[in-house]
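Going by the order they are written in, the chains are A, B, C and D; count residues from 1 in each one.
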Amino acid sequence: MIKNQHMQLRVLPFGIARDIIGTSPFTLELEEGARVQDLLDRLKVQFPELKKLRSIAVAVNEAYADGSQAVTGEDEIAIIPPVSGG
Amino acid sequence: MIKNQHMQLRVLPFGIARDIIGTSPFTLELEEGARVQDLLDRLKVQFPELKKLRSIAVAVNEAYADGSQAVTGEDEIAIIPPVSGG
Amino acid sequence: MFAILQSNPDPGALTRLVSGPDSGAIDLFIGTVRNQTGGRAVVALEFESYGPMAKKEMAKIAEEAKSRWPVNKIAIHHLEGRALPGDTVVVIAVAAAHRAAAFEACRFAIDQLKERVPIWKKELYEDGEVWVAAHP
Amino acid sequence: MFAILQSNPDPGALTRLVSGPDSGAIDLFIGTVRNQTGGRAVVALEFESYGPMAKKEMAKIAEEAKSRWPVNKIAIHHLEGRALPGDTVVVIAVAAAHRAAAFEACRFAIDQLKERVPIWKKELYEDGEVWVAAHP
């Protein structure tokens, strides 16, 4: 049996997402090769309140990322609830 | 033979209209009962350069007036060439 | 709220004139002197105005804007006299609860100002001068 | 040109940042804090931002605006931290040769800012607080 490799992701939740997750930065362990969508799925299981938000986006290294983008332990990952500047 | 009554109108030409007419205020004599259009017609005869302007408007007592408005010697009459503020 | 000034209109002053706790959006239009027009170098502008009527027309424009969009306050200041490239010659400030009305009304106000407020601009070049828009 | 500030953005400073002799029109959008929202009194706002990314998104918005309209310079400053009713929280300044482009690009920039720049606003009332727009 081959053991999957895991990686530690550094996650910065903002706004109401930080209130829900409770700590920032927050460390999440995912399998190597995980993508943004895997990360979102995991967070929503772990913090069901995130599912109630109007939207939730992810930024990787300070740019919006779509669900298919791969993430690594080197990336700065931000959890972006609905923005409301201005 | 009945002699028509005349009135002295006080006319303020602005911008290029002042350059053309040469003095401001300028006094114009018209028959009693004259209207804005009569005044414009007379000015264009007396100062043909006015006919070359893109447009020419008249204000009576600080408000735009149309050709049918009567004028009197009590009015402040302004000659308004194309405006170009801003 | 409506003025013809011998000095350059001040965007900060107009902002203060229109602000208030019921407004969340201010749109400010600032017109400045360009150093050329149609490729010809402009040395200066000379503005003349029919001051009392200009202020009345500005007030009418503001009333019309208020009747068309939900805006709270409108202020319009325009320079009279000489202006050099870079100088501010007109400032329009519009305050509204929400931004769409502020933008629409401000655009309307500057468009109307250029069409009907009795102010005339002469452009001065190295080798001549022209009353802007006077001839077809 | 793009900044997240701990103090109130200054319309005059942004005007100076974008002005130049090739621009004849500056449109300035100023967002301020209203004293109520939907009839509920607002005591204060608290803005949080993801600063480095916010500045990058502002710069992207400016690039997009420049590719769509003939504008010369765009500056965007937004407050981070606490703001009281009447305070300025965002200023966008757009300079262009002519006014149509300045208005269009400024409107585009504030619309885009509200849609994608990572800044979050919490409204504080006498008896509670809400992250604006967080829930459907």
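By definition in this document, contacts are C-beta pairs under 8 Å (C-beta built on N, C-alpha and C of every residue); 3 or more make two chains touch, one makes a residue touch a chain.
Given the structure is predicted, the values throughout are model-derived calculations rather than measurements.
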{"item": "Intersection of the contact lists for chain A and chain C", "value": "D"}
{"item": "Length of the shortest touching-chain route, chain B through to chain D", "value": "2"}
{"item": "Whole-Å separation of chain centres (CA-atom averages), chain A against chain B", "value": "75"}
{"item": "CA centroid of chain A to CA centroid of chain D, Å", "value": "27"}
{"item": "Between chain D and chain C, distance of the C-alpha-averaged centres to the nearest whole Å", "value": "23"}
{"item": "Per-residue multi-chain contacts in chain C, two or more chains", "value": "31, 110"}
{"item": "Complete list of chain pairs which touch one another", "value": "A-D, B-C, C-D"}
{"item": "In the complex, chain B residues that touch chain C", "value": "12, 14-16, 19, 52-54, 59, 62-64, 78, 80-86"}
{"item": "Of all residues in chain C, those that touch chain B in their complex", "value": "31, 47-50, 52-54, 56, 78, 89-90, 110, 113-122, 131-136"}
{"item": "Residue ranges of chain C touching chain D (in the complex, touch as defined)", "value": "11-12, 15, 19-35, 85-86, 97, 99, 102-103, 106-107, 110"}
